[in-house]
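Starting off with a structure, shown below.
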Amino acid sequence: MSAKREARRKKAYRRRRPAIGAAPGTLVFPPGTTRLNVIRYDREQLLERADVGIDELPSIVRPGQVTWIEVEGLGNEGALRRIAEQFHIHPLALADIVNIGQRPKAESYPEFELVICRMACARNAVEFDLEQVSIVLGREVVVSFHEGGRDVFEPVRERIRRGALVRSMGADFLAYALVDTLVDGYYPIVESLGERLEGLEEEVSEAPKSALLRQIHRVRRELLTFVRLVHQQRDAVGAMMRADHPQISDAVRVYLRDSYDHAVQISDVLDTFRDVAVGLMDVYVSTLSQRTNEVIKVLTILSSIFIPLTFIVGVYGMNFEHMPELHWRYGYYLTWGIMVTVVAGLLYFFRRNDWIGGRQRRPAHEDERRPGKGVD
Amino acid sequence: MSAKREARRKKAYRRRRPAIGAAPGTLVFPPGTTRLNVIRYDREQLLERADVGIDELPSIVRPGQVTWIEVEGLGNEGALRRIAEQFHIHPLALADIVNIGQRPKAESYPEFELVICRMACARNAVEFDLEQVSIVLGREVVVSFHEGGRDVFEPVRERIRRGALVRSMGADFLAYALVDTLVDGYYPIVESLGERLEGLEEEVSEAPKSALLRQIHRVRRELLTFVRLVHQQRDAVGAMMRADHPQISDAVRVYLRDSYDHAVQISDVLDTFRDVAVGLMDVYVSTLSQRTNEVIKVLTILSSIFIPLTFIVGVYGMNFEHMPELHWRYGYYLTWGIMVTVVAGLLYFFRRNDWIGGRQRRPAHEDERRPGKGVD
Amino acid sequence: MSAKREARRKKAYRRRRPAIGAAPGTLVFPPGTTRLNVIRYDREQLLERADVGIDELPSIVRPGQVTWIEVEGLGNEGALRRIAEQFHIHPLALADIVNIGQRPKAESYPEFELVICRMACARNAVEFDLEQVSIVLGREVVVSFHEGGRDVFEPVRERIRRGALVRSMGADFLAYALVDTLVDGYYPIVESLGERLEGLEEEVSEAPKSALLRQIHRVRRELLTFVRLVHQQRDAVGAMMRADHPQISDAVRVYLRDSYDHAVQISDVLDTFRDVAVGLMDVYVSTLSQRTNEVIKVLTILSSIFIPLTFIVGVYGMNFEHMPELHWRYGYYLTWGIMVTVVAGLLYFFRRNDWIGGRQRRPAHEDERRPGKGVD
Amino acid sequence: MSAKREARRKKAYRRRRPAIGAAPGTLVFPPGTTRLNVIRYDREQLLERADVGIDELPSIVRPGQVTWIEVEGLGNEGALRRIAEQFHIHPLALADIVNIGQRPKAESYPEFELVICRMACARNAVEFDLEQVSIVLGREVVVSFHEGGRDVFEPVRERIRRGALVRSMGADFLAYALVDTLVDGYYPIVESLGERLEGLEEEVSEAPKSALLRQIHRVRRELLTFVRLVHQQRDAVGAMMRADHPQISDAVRVYLRDSYDHAVQISDVLDTFRDVAVGLMDVYVSTLSQRTNEVIKVLTILSSIFIPLTFIVGVYGMNFEHMPELHWRYGYYLTWGIMVTVVAGLLYFFRRNDWIGGRQRRPAHEDERRPGKGVD
Amino acid sequence: MSAKREARRKKAYRRRRPAIGAAPGTLVFPPGTTRLNVIRYDREQLLERADVGIDELPSIVRPGQVTWIEVEGLGNEGALRRIAEQFHIHPLALADIVNIGQRPKAESYPEFELVICRMACARNAVEFDLEQVSIVLGREVVVSFHEGGRDVFEPVRERIRRGALVRSMGADFLAYALVDTLVDGYYPIVESLGERLEGLEEEVSEAPKSALLRQIHRVRRELLTFVRLVHQQRDAVGAMMRADHPQISDAVRVYLRDSYDHAVQISDVLDTFRDVAVGLMDVYVSTLSQRTNEVIKVLTILSSIFIPLTFIVGVYGMNFEHMPELHWRYGYYLTWGIMVTVVAGLLYFFRRNDWIGGRQRRPAHEDERRPGKGVD
């Protein structure tokens, strides 16, 4: 078990960071290689090349056209340093790009705008990764960095190839398109979390099991982390939208506002989910108390009925020489009569206190009244 | 059950959104048709036409008069695109209008103001829908979009026909009148939620049943969602009020402040409701603990009385040859005497610990002192 | 019961509002009449007339003097409309005045300042009403509106008659004096709530009864509503103090700051009360758990002692032919010996686990150490 | 008991306030007398006089020197009114000074700055008072008002006598010195509260007693009130620091920043304490549940073992004529064998479920790992 | 035990402060000595000297070069006063430096910027200290003060020796490098806390022991204190970044933004941890309730089965003369038949209520679905 836990821990604290006290901008390169894909376009022309050599880069960029350099994999230190050099990327910005695990943010540097995002990738039905994607928006150039493996930007490439709106806009619009794609990528995760919460809600009031408790706690914890990242992503988009940067035109700010709006919507829904998860824990505890109450009621009813009876029959099990009742003709039947009376009295008491019967009086279809379902 | 849940889920996540990475402004049209109703008026004249063809629109708008185009149903892509074209509606605004499920908001575009609202429609005694209504306020023109089915704007049309204040004001006043009608439409929902909460409050302290628990959780969850939407709607009205837009005159801002004020009032009441719902859960759990405590007390009292007695009669049920008491003349009666003493002692102990008697000493009418009822 | 509840509900949702979609400024007049009292004064002169006819009003107002028109009862539509006309009260302001149940607020209109307040009136020892009082501050005129029945402004009238400071100040000071009187009227309610909380605190740790639980929940709920209103009232006074309005002089702003300060103090105390009420619920539940724990301990101790004994005597109640112990001379006494040993062992176990004895070791006067009582 | 409660209530609501609707600036004088002490100094000279007559005051103040008038006791109405007159203290300011129980605040008046503080005085080991001290800072004059009895300003007087820094600074520095002394006076209370919390923390996990519960609730309540006052005091110092007042020089603002810093530190520590107190309540409830769980486990184990045995011996206590087992030679021993087997089985079940044994496996010294102790 | 507690208390309240009412800037010197290390550098030259005498200081500082004076140990009053004099350190700043235990903050003085930080030092696997480090940034000089013992600045010295970027920047960059080193030093503590939380999470759902409860409470308390310090540290770095101070250049502000960013990231993670710790307490209580519920269920099942049986066998243990059943040939076997029927009925009831069986139906590997692990 501890090996598994160790592995999980390693994943959870993936933030790579240099040794404490290291010079600012110190890079901790992950293993692996670096692969460059380039798309260069303007309204008429389109050049698309995969796996470009680092030495070809300077010759590819051409004034008047937008160049998108997609850097896959952060393992080739030399290549990354040369890219940084060519596009005047500040050492601290390069450090944020390479030392993955940064919080989403948008930072203005004199020559470029750096946007750190998180890409949500579903790993399977309930698991998801949030990988760092860094976007550097310079004059007529966008450089995007990610660890590779997954390709979420294919739809954007497709739109460029189709000659859509993006072809007639500048590099800022391309950067927006990338950010927007990443933000929209959160929707499936949100929906999956919503479904899991709904499932838990149904299960929890049916039967409070301890496995359920662990699941509620886990969902709550994931929500905490996810909410935090989405808030940061939202603020990053907001900062980009409001950035006082000549490279971002007012036309693109309108689009960024749309993207910001999506991020706000997602973070609002997640805030609600978080409150629902807290409520679920309350429902769990309450349902459990209800169950315990019912079990104790059964115990009390059974004990209350049979303990006095057992005493009565115990009395006539005594071996005293002088016990007149033992010799009465109908003593035995009289004892039964007393016992029936006692039981009847107790049953009356229990019913008056609503302990037995009446438990099912509230009609079952009551639960089917589910109002407000149209609310998203 | 899972089919029903599936259906519910579908309803709950009604937000329509394009594929991830799709171009901004991608529209996902709902099935169905689109129907246009037009009202054009100034102080003297009034033209009202239902089911106008899309081709007639350009000829209907007339300078110096206010034109209100009501778009019912969002299914006709061509019609919507032509409306957007004619009134210079930005593709992103059209996307917000068509891809329903947006959060309420007010956004300024250079040529128009877009206000996304939610319309509250009671479905039955406890259920309600919150459908998206989008309002585009341009120069001398208001275009309102909704999915149709319900008509909440009839009172506004009636006021226009009657020649009320709205006839002597501009398009901005008409937009305000629509928003105000939608905000006021929240009051019945708020009252219905308040009544449900009061009902639950009464039931919960009478008998904590698990059906009640589910209902409390559900009301709490609905409140969470509703509060979120009302906050957003409030902020949308506030943003509209403060919008630096030439199309909104200062005279109308005074009216918008009134509408904003209503939204603030509603959201304040809902915040209180949310706290009350949390308190209800506490009361539920506490009442349940109280019940459990009482059941256990009964068990303990009965057990404490009869278990020692059963032991005593057990002693004299033993079959030892040499048990002097068995041969005493009044041994049997003596045994009864001991048992009565034991019971009396236990009853004294229980009464001293307030376990029996005194439970009803607090007068029942205590509960009738309900202060602060005049508070709204 | 449902009739009573219905009546309560009616009271609770007293907010009067027009039909949804009604024109802004639609008035819903309460039944009853309207009575006008007028006081007109300057430094030298004072005119006081009760029950003035609506037609006399225009002749009463005199430049250079402050006129206070007190409107009691909002039932006479014609009279209210004529007052609004004479003093140029905006239709929306009149709607806020007539449709009672508005939240406290201060709103600037070009010609006057509207302040909506709530008047706290103790109904009896624990009940209080919060009725709407609306104050319109114009040039040299103050019009106050309330539903009537209670007269909290008599002290202000008395001060005017006595020729106090108010006589040498303008209409703005009179408006301040009215607001200040209303704010100070909250103190008795706050003190009464504080006393109820203290009483509950004492009772709750003595005996957690379910009637107590209902009372805690009710106080909490009342606090929620009252806190909300006081916050709004505080903000209203603050808005009035900061209002950029020529009718409010700087000298009066100093006085308004004093009034604002009182409102802040009250709302701070209430915030503390609210936290205390939440704490009370925790104490209730904890005390209940403590009680349940003690009851179960008694059950366990008694059962643990007698159940093994009952088994032992049961053994020798068996009727086997071949049971050597039964024929031993001192078998019976030996059995008693065993039983005494078992009981002694169990008692030792219980004492070691602190289940019996020692419960009262903490001295009772410990509870008398009540620090921090000097804190208000 | 009610007399004591009444007395406590009187203390708790010490805020003195005039009748509702009274004129602003109405004073409610406490009983007692007023005593004036005066210190006048500049860099060279020092005059110190105790118990100065009210008529001598005008002659004592001398331009070019700082005069500190210490007013002890607020009972002499005439004297206070004459002081107010001489130093042009606004009636509202005097009302705040005399009607003690005001929240800490700093208010600018045209001719002076009024600072309301609370002085923390330890009454005994766990009790403390928070008495109002009002400081009026005018040109070259500081008037401090308090109810008297305790003298916390002696260190300041001592510094003046010693000719420390204060002698070479103006009246604003003296006002700062007084405020700073009062703020620093909170530290012992904070430490005492911290120690009480630590003590409770230790006791609560040892034995959850109901006396402890009351103490936790009381500490929590005191913290609520104290935190509120400290926040207000902090804001008062901050307002004084930022006040746009010619009487406060920039050099003194640096010192006020230091005082503000202390207030922030204290309020931060108290916020942490408040969270700790909430956590303590949780620990209390949890520990109690743990105890109840253990008690019930003992009951269950004992009952589970002996109830089946009692049944078995009951079977052979039956008096049927035809019971073959009774006549078997080793029936009695066989019965014992069965009973031993049953007990062994049950013990195995309990151990497998971790109900018995293993409870003490976690080493006791685990609790001694107390990390983070260096954190203040 | 109390001695240990006393010692802990002493540690916990390490804040040294002068007597209340003492003059501002009063210093409370800790015991010990003071040791000075000096590094002076520019782009070409480097002078490094350890244990410099206080008299040599003035001669070491040289215009055009950056001088870093590292003061280890705060025990030598004379030395500290002379340093303060030489570098014009304000008495209040010196007080903040010497009276350790100050909250992290950045304060601008006319001639220098004072930054108070906390240095996180792991004491062992779970313990850590947070010692005060004070940094004074003047023109071309940085003076750092700490109590000594630990040397976290060696990496910075190493970078200076290596001739890294720091050599070509001013004193502001050196101050940044020191602050950045301290902030990065929080990461190991954060990770250690994260691991402890994960460990507790696993243990708590396995077996809720009271030792665990104490540990959760302790982690929660440590988090509260640590979060507070990190928030203050974050704000201190933010204040330094935004400080309107000529000594901090825009180039260095970019680096400070990076450091601020790290502090924000750490404080965000800690906020999440705090919520997780609260959730852990909930899980603890819920798991405990679950256990109690199971124990009670076992008790109820066993009691419910054997108590009726014991009654039945008790009936035929009675000694009445006239009991026909006792003489029936198959009475004994019939009794067994009845008893088996009763047990079967009860088992059916328990199974229908899901009390027995089915408890393990949820597959164990369910728990292995751990989604969202990629989230940091």
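Should a chain be cited, it is by its letter among A, B, C, D and E, assigned in written order, with residues numbered from 1 in that chain.
In the analysis below, a contact is a pair of C-beta atoms (placed from the backbone, for glycine too) under 8 Å apart; a residue touches a chain by one contact, two chains touch by 3 or more.
For clarity, every value in this text was computed on a predicted model and none was experimentally measured.
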Copies chain C and chain D touch via same or different residues, half shared test: different
Whole-Å distance, chain B centre to chain C centre, using C-alpha means? 25
Distance between the centres, which are taken as Cα means, of chain E and chain B, whole angstrom: 40
When you check chain E against every other chain, which residues touch at least two of them? 285, 289, 292, 296, 299, 303, 307, 310, 314, 317-319, 323
Starting from chain A and stepping next to chain B, give every chain of the ring in the order they occur. A, B, C, D, E
Where on chain B is chain C touching in the complex? 152-156, 159, 164-166, 176-177, 180-181, 184-185, 187-188, 191, 194-195, 198, 201-202, 205, 254-255, 257-258, 261, 264-265, 268, 271-272, 275-276, 279-280, 282-283, 285-287, 289-290, 292-293, 296-297, 299-300, 303-304, 307-308, 310-311, 314-315, 317-323, 354-355, 362, 366-367, 369-376
In the complex formed with chain C, which residues of chain D make contact? 5, 8-9, 11-15, 17, 19-25, 90, 92, 95-96, 101-103, 105, 107, 109, 123, 126-131, 207-211, 213-215, 217-218, 220-222, 224-226, 228-229, 232, 281, 284-285, 288-289, 291-292, 295-296, 298-299, 302-303, 306-307, 309-310, 313-314, 316-319, 323, 325-332, 335
